[in-house]
Amino acid sequence: MLTIALFAVPILLAGVIFLMGAQNAKKLALGAGIIQLILSLIAYQQLQSGTSTLLSFQQIWIEPMGMSIAFNTDGISMALILLAGVLSPLIIYASFNKEFKNAHIFYGLILLMIGAMMGAFVAADALLFYVFYEVALIPIYFIILMWGHGDDKVKVTMRFFLYTLFGSLFMLASLIYVQQHTAPKSFAFDAMYAAGRSLSSTEQGWVFAGIFLAFAVKIPVFPFHSWQPSTYRTAPTIGTMLLAGIMLKMASYGLIRLALPMAPQGIADHGNWAIVLSIVGILYASGMAIVQKNYKLLIAYSSIAHLGLLSAGILSGTEEGIVGGLFEMLSHGIIAVGLFFVVDIIESRLGTLDMSKMGGIREANPLFAFLFFVIVMGSVALPFTSGFVGEFLLLQGLSKYGMIAAGFAGLTVILGAVYMLRAFQMMMLGSQKGEFAPLTQHEKTVLVCVVLLVVILGLYPAPVLNPANLSLQTLFGTIR
Amino acid sequence: MKELLITSLLGLAVLGLDILKLRKLIFPVILLALLGLLACVGMDWGHNENPFTNNMLLFDNFALGFTAVLTLLTFFWFLLTRDYFATHKGQVDMYSLALFSLCGAVVLTAYTNLVMLFLGIEILSIPLYVLAASKKGDEKSNEAGFKYFFLGSLASAILLFGIALVYGSTGTFDTNVLQAALEDLGQMPHQMLIGAIMIFIGFAFKVSAAPFHFWAPDVYQGTPTPITALMATVVKGAAFAALLRLFGGALLPALDTMSGVIAFVAVLTLIVANTIAAVQTNSKRLLAYSSISHAGFMLGAVLTANSTNPKVMIYYVLAYGIASLTSFSILHHVSQSQNDAEEMDIFKGLVKRNPIMAGAMTLSLLSMAGIPPLSGFLAKYFVITDVMAAGHTGLVIIMILSSVIGVYYYLKVIVAMFTPLENAGRIVVSSTQQFVLILLSVLMIGLFFAAGLVEILF
Amino acid sequence: MLTEYAFWFLSFVAVFSAIAVLVSRNPVHSVLYLVVTFFAIAGHYFLLNAQFLAAVHIIVYAGAIMVLFLYSIMMLNLNQLDGERKSTWIKSAAVIASGSLMLVLVAVLRRTDEMIAIAPPTEEIGLVEVLGKALYRDFLLPFELASILFLSAMVGAVYLSKKEVATH
Amino acid sequence: MELLPNITVDHYLYLSVILFSLGVFGVIYRRNAILMFMSLELMLNAVNLALVAFSKQWGDTDGQIFVFFIMVVAAAEVAVGLAILMMLYRNMHTTDTDVLNKMKG
Amino acid sequence: MERLVSLIPLFPLIGFLYITFLGKGLSKNMIGGIASGAIFLSFITSIAVFSTQLHGEHTTIVKVIDWITAGSFDVDIAFIVDPLSTIYLLFITGVGFLIHVYSVGYMHEDEGFNRFMGYLNLFVFFMLILVLGDSFLTMFVGWEGVGVCSFMLIGFWYKDMKNNDAAKKAFIINRIGDLGFLLGMMLIFGWCGTLNYNELFIEGSAISSLSGEMATAAAILLFIGAMGKSAQLPLHTWLPDAMAGPTPVSALIHAATMVTAGIYMVARSSDLFAVSETALQVVTYAGVLTALMGATIALTQNDIKKVLAYSTVSQLGFMFAALGMGAYSIAVFHVITHAFFKALLFLGSGSVIHAIGGEQDIRRMGGLKKYMPVTYWTFLIGTLAIAGIFPFAGFFSKDQILAHAMENNLPVFILLMFASACTAFYMFRMFSLTFLGKFRGTHDQEHHLHESPKVMTIPLIILAIASVVGGFMGFPHAIGESIGIHHWLDHFLEGSVVMHASHMSAATETILALVAMAMAIIMILYARNVYVTKNTRALEDDEIESGLHHTLVNKYWFDEIYDALIRRPVDKLSIWLNKFIENKLISGIVDGSGDLTRNIGGVLRGMQSGQLVTYILAMIAGLIALLALFI
């Protein structure tokens, strides 16, 4: 039941906010976010205590079609639940410096999206996962469409929606294909895993191709990324945070949940192209990030680079890679929120994101520069920041797949430093160019939270890693 | 049998009430009778009886299921078009024609004899030819009526030729006898196959599958929007029910031979409808092409009629019907508020002008686009599952691609609705209308979760 | 022997007058040729022992429908056709389409060799009595339904033909 | 199988095909709505002829009954069709179908 | 007792946190006191820990927290206490403390004083983690940590973009090395299943499952890491630029401690390197070439700190050459003595710069002897130590490297001798130009010349003393035998690193020492002759004519070559990719598919002509087509 509450509560609260009107929408939404956090923590506590009756739920939906309503929370979901639980209130709070028109709709949509994403994380049924995966797309589409900026926002949102939908339909096709080999018909993960593995290697390869196409678009992996920079640029920053922080993690989570256990042989025999694409993506996106002048675009491309590593590490199929992937999702989510919040802060003060027009902010606002610096360091995977734990494990996992692959992927260590430091330098250092208003209390809170999370998770990742390890043992147990 | 009686007598009753100057009673009587019809369906459920019909009709679950769905759609159609017909001079004629048409639809769901099939199609169509042309002073409506009538008759002729060939190779019109004869024979006579193809083409016209779809955009556009809503839902649903009943039953052997042809027609339909819809600027035509594209999907369900029962089709007709009714009726109101313009721009600012309409429209478009958690998603999902099981991979891929294109043009309308517009007046509709729209929206979501019901019933 | 000649004669008349219907410049001529065609077809019905049907055919088609056509032509003042000038591509398309349709139909129907066991042919089927029994017993339901069809056609035709009256 | 001496059902079928194709020709070739109607009637008659022949072949009355219904429907169709045509003529003052292109694309 | 070891990094961490978050209202002296005090406490604790090791305690592992667990991968944050780490602890905290104290004086007037002291503490924290970590991964934590501190301190005066560029360059080049380190670690973990020193080298010998080429690969990858951090060819270019930071930073990070992390790493994994001859060769030659290159460039540099920087590069090369020849303990010995005298020299130069108002060009100095006696004398000691004059510390360590080289690899020996000769020359060139002769700066500067305050000079004096006596750790037989300690460090480190065998007789050793020292003295005298007696002027930049001189002044054009070979191609490629692949090809395909759909739609739409006849034709055509399929 608790599992149900994880996604049902935000959806219900979204309804409440829709009905309450714009008056107190902000505060209500924050309250909902905090409830979400508390629920996530309770779920975590439940998982740790081992009394998992609250954590799974099973109800037949359409039996002959093998569709059921099944939810389960395990260590793998937990990483993502924590991510969403922590980031939800943070992201909502991060939006407090702005007034949005029709605030109740805005925040309602956000909660709706959070609920859908939570649903995807706890689904124990492949079709249900797909449903939540798609549902999450709708609110963010409207958020970007209605509160985004830029002349081409209609075109950009359209491309975003169509592209991701295009990919996910192929995933649906793959899922249906696998489901047809279950007996009795079932979309439950376990049945799907068994059915997937009973397929021949070539079939598995195709199943994987379909699923990967969906996730490659959403993660995004080169060359399926072209929707992403423009979408990030167009979206209101809070939307970008939701996208980069939580939503796109559904795809990498799906890679672990669906692709790996369902088509292990296919990935091993015919999945090399996916790893190659992921790695090429790291280098390519880094190159793109190096030449960007707009800070937000730079962050967008840097995201692609990091997520390329994420995808490659997970696809290596090693435990280090997968656990690292899970942790990196958490870490990248938090860091992305931090980096995009910086966008918001700067944009609200300078009115531009062109880095060549910035500079000297550190002199004007040392605290801001310091906090930003820690987040940047998290992004370049400095040890004792969360970024390091994830990226190291990913590389470690990838190295078991192949040292050459790890070598190329590892170039992100260098290139990441190149573009992130360049950005930091252009924006923060040098002599002061103009006024830069001090951080408001609210901005300070958000940034400090992000920084604390980055550092604490970097120092002590065990609470996330341990349950993930345990569940992964079980998952791999069923696979082998 | 009760179902057929109710619908036909209801048509007469409407005319009678008019003569008796009891106009005020007409609307409630229709609604009550339709509800009664639904109740009858409930009573007859599972009985499989055909008394008094001399093997002409069989109200089995297939027939009752489709009858219920079509009746339900008609019920909502009456509610949604109340405002339009309330001021219409030919209200009574229109209502009785629509009910006669429903009568034909009921026949089409239950026929067990090709004579009934033919009569059903004509009873379904002839009132609609009139309804399409019912805006007498409007050249577009005239043109629509004429095109619909003429091409419909042509299709009927082809259908008839097909029936003649089928009769020629077996000597019977009774589908049960036909089926038994085919089973005895163990193979399909060639002449009968040709007949089957021509019958299929007759249906392909009715359901507007390419390349027999050309009438649809023009007719949908020219016809008064409330009538279009009826055409796109009840008529199409009935035609598919009839097609499925024939090709999933008596002509099942032909289906195996023809599956390539049907898949090809489905692919062509999907490509034509979606690509043209992608370049439409007229919202009514856009919905027409969208309707054609759904025919492509439903053909997929026909294709696999041998491996499944009608629940996929029933669910599709219901899900698509609800969404389509909603969107056409909203289009009608929006268009009416802007001097009957039909360009996409009329939807601008709808979210401010009437949020309930905007919400219902968004849901219905998304449902038609196949986005979960709306019933349209499951409908498409069921079809794709079956088509894939039948091994038509190419069709699956085209279906996926066309879904994507579909989302593109549905989103164009949605974008328009959410584009702010200066000085836009509110669109006021009666609270009943609003209530029905909300009800339909709830159904769109509810049917997604209650899809199991369809399973339980069949 | 006689019937064979009759078949060929009637067929020739039917096809010839049908062509005449299609190519006549004057619509009235077309109507008249069509009547001829119908008579030829009625003749076929006689040959095929469908005497009652032949009679009905003449009454309905030649008597009712064609009169209706003629009446329309008169009313619409179409007795000489203005500008029935089809572009050549339509002309050739018509020829090609109908020609190939005919060829294809003939081609596909040539293979109708395997026939299902034949019931002994009776001469009785065309008689009024037999037909009447079938129509009012076996086909009672469709017969009744036909009335619905007529009713709807009537309502529709009346509605469409009604002049819009300003006062209501 | 011979329906008449030396005349098989195929003869009638081919005759029916020819008449049907001629109807198709007329439908395409003529652009006056009334003449197109007439071509359509020709097609229906072709079907009728085939049905009657089949009826004779099978010794079954059902085929003739079907023809009867086709006539019924044809009559109804003509009634509605001509009503629509009249209305069209009232509005457009022509029965030329080439002018019917208000809607396209 | 070993439990205390956790406190050692804790003090500087607390210092850093306190200064950063609570230090706002405190006076500068107070901040200085806290920062220095934290390091001093670490130093005291280190001595305590050291003494346990001195009394023969075994290697001890002290676990702090669980860190990363994933599948079979399991690494904790834990500290290792063994001779190698304790000896490093001692000089890091010791020298670190002195430099902290010095900084209080040096940075007193700077507005970023608090920040500076905080960073320094943080740096020491990470350096201690680096040294104390019980696994490669923990070392990597410190490794990266010091890198960031180095970045922050090089770019300490962030308003000047040149400093920031230098900082960025340092960080990025270090990152190149770090990638090697990472990959090396991964290779080791992949084959051995662990990254703990204890399991790899000390108690277990998991490293032995890494054989042949894999061992070579792992060793070389690790060494790439060391190259980055310790500024070895070809990753050395950042270190001279790093002089943009405040002088105490140069002393602490870029001379005494951080840059020797590479030596620590190689020494730590001596068991691995010992397996692979090829890897050792690579290390040797990288070291020798670096030593030569650094020494030759230093000959022509005119920035006092740049000279010292290249000198550092060169000395690090000496150390690596020693490592490559298997003399791990000697390398560590040189690290320690180098820490003393190089820190001394940097601090001395800082004192000079401080006095002369920020001027760093030795062509604008001269005759400072009379203004700054303490600095002069201590600087002289440092110079003599680095030049390898008996009995200063540098003499012993450098001499042992040379001796070992002579024993093992004659070409290397000759090259190192040459580098050593250069060292003596450039150091005295600088010394002479700075302290001797007449002052060449402006009057204004001359007017303000003054000796530095006590807080700066006292560390100088202490370091000078250490530079004098530091050699005791590695007295050779010839000297040591008489006083009872010879090769003390070798014996002490025996448990931690692989030992080299020396077969050299005491006599040969003595002769070698004498030759080397004689050469050094000759070079010193020659330098004195050129720059004091003859009073030759160092050439201004635009007066340079000879090609060789040009090459040296421009540091063998390394920066330019890298620019042309790596940076610009990467930039160009990225711009090209952005322009054509990203914005044309990929977007083109994505948007193109949409356009294609619409184009198809447009064409098909044309068929929907509105004409009834086309519709009929289409229907008939469809009919014909479907029927034709079944002929």
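Worth a mention:
Per-chain residue numbering starts at 1, and chain names A, B, C, D and E are given in the order in which the chains are listed.
Note that a residue touches a chain if its C-beta (ideal position, glycine included) is under 8 Å from a C-beta of that chain, and two chains touch if they have at least 3 such contacts.
Just so you know, these numbers come straight off a predicted model, no measurement behind them.
The chains in contact with subunit B as well as with subunit C are D, E.
Most remote from subunit E, judged by the distance between CA-atom centroids, is C. With B-E and B-D as the two chain pairs, more C-beta contacts join B-D.
One inter-chain figure worth recording: subunit A and subunit C are separated by 70 Å, centre to centre, where each centre is the mean of the chain's CA atoms. Rounded to whole angstrom units, the spacing between the C-alpha centres of subunit C and subunit E is 102.
Rounded to whole angstrom, the centroid-to-centroid distance between subunit D and subunit E, based on C-alpha atoms, equals 97 Å. Rounded to whole angstrom, the centroid-to-centroid distance between subunit C and subunit D, based on C-alpha atoms, equals 5 Å. In subunit C, the positions touching at least two other chains are 90, 93, 97-98, 101, 105, 108-109, 112, 115, 119, 138-139, 142, 146, 149, 153, 156-157, 160. Along subunit A, residues 162 each make contact with two or more other chains. Residue positions of subunit B touching 2 or more other chains, listed in rising order: 115, 119, 122, 126, 129-130, 133, 136-137, 147, 150, 154, 165, 168, 171, 190, 194, 217-218, 408.
Shown are all chain pairs that touch, namely A-B, A-E, B-C, B-D, B-E, C-D, C-E, D-E.
By the touch rule above, subunit E contacts subunit B in their complex via residues 594, 597-598, 600-602, 604-605, 607-608, 610, 612, 614-616, 618-619, 621-623, 626-627, 629-630. In the complex of the two chains, the subunit A residues touching subunit E come out as 159, 162-163, 223, 225-227, 284, 287-288, 290-291, 318-320, 323-324, 327, 360, 362-363, 377, 382-384, 388-389, 392-393, 395-396, 399-400, 403, 406-407, 410-411, 413-414, 417-418, 421-422, 425, 428-432, 459-462, 465-466, 468-469, 472. Across the complex, subunit C is touched by residues 8, 11-12, 15, 52-54, 56-57, 89-90, 93, 96-97, 100-101, 103, 107, 113, 115-116, 119, 122-123, 126-127, 129-130, 133-134, 136-137, 165, 168-171, 181, 185, 189-191, 194 of subunit B.
Listed in rising order, the residues of subunit C touching subunit E in the complex are 90, 93, 97-98, 100-101, 104-105, 107-108. Those residues of subunit D that touch subunit B in the shared complex are 9, 13, 16, 20, 23, 27, 33, 36-37, 40, 43-44, 46-47, 50-51, 53-54, 57-58, 60, 62-63, 65-66, 69-70, 73, 76-77, 80-81, 83-85, 87-88, 91-92, 97, 100, 102-105.
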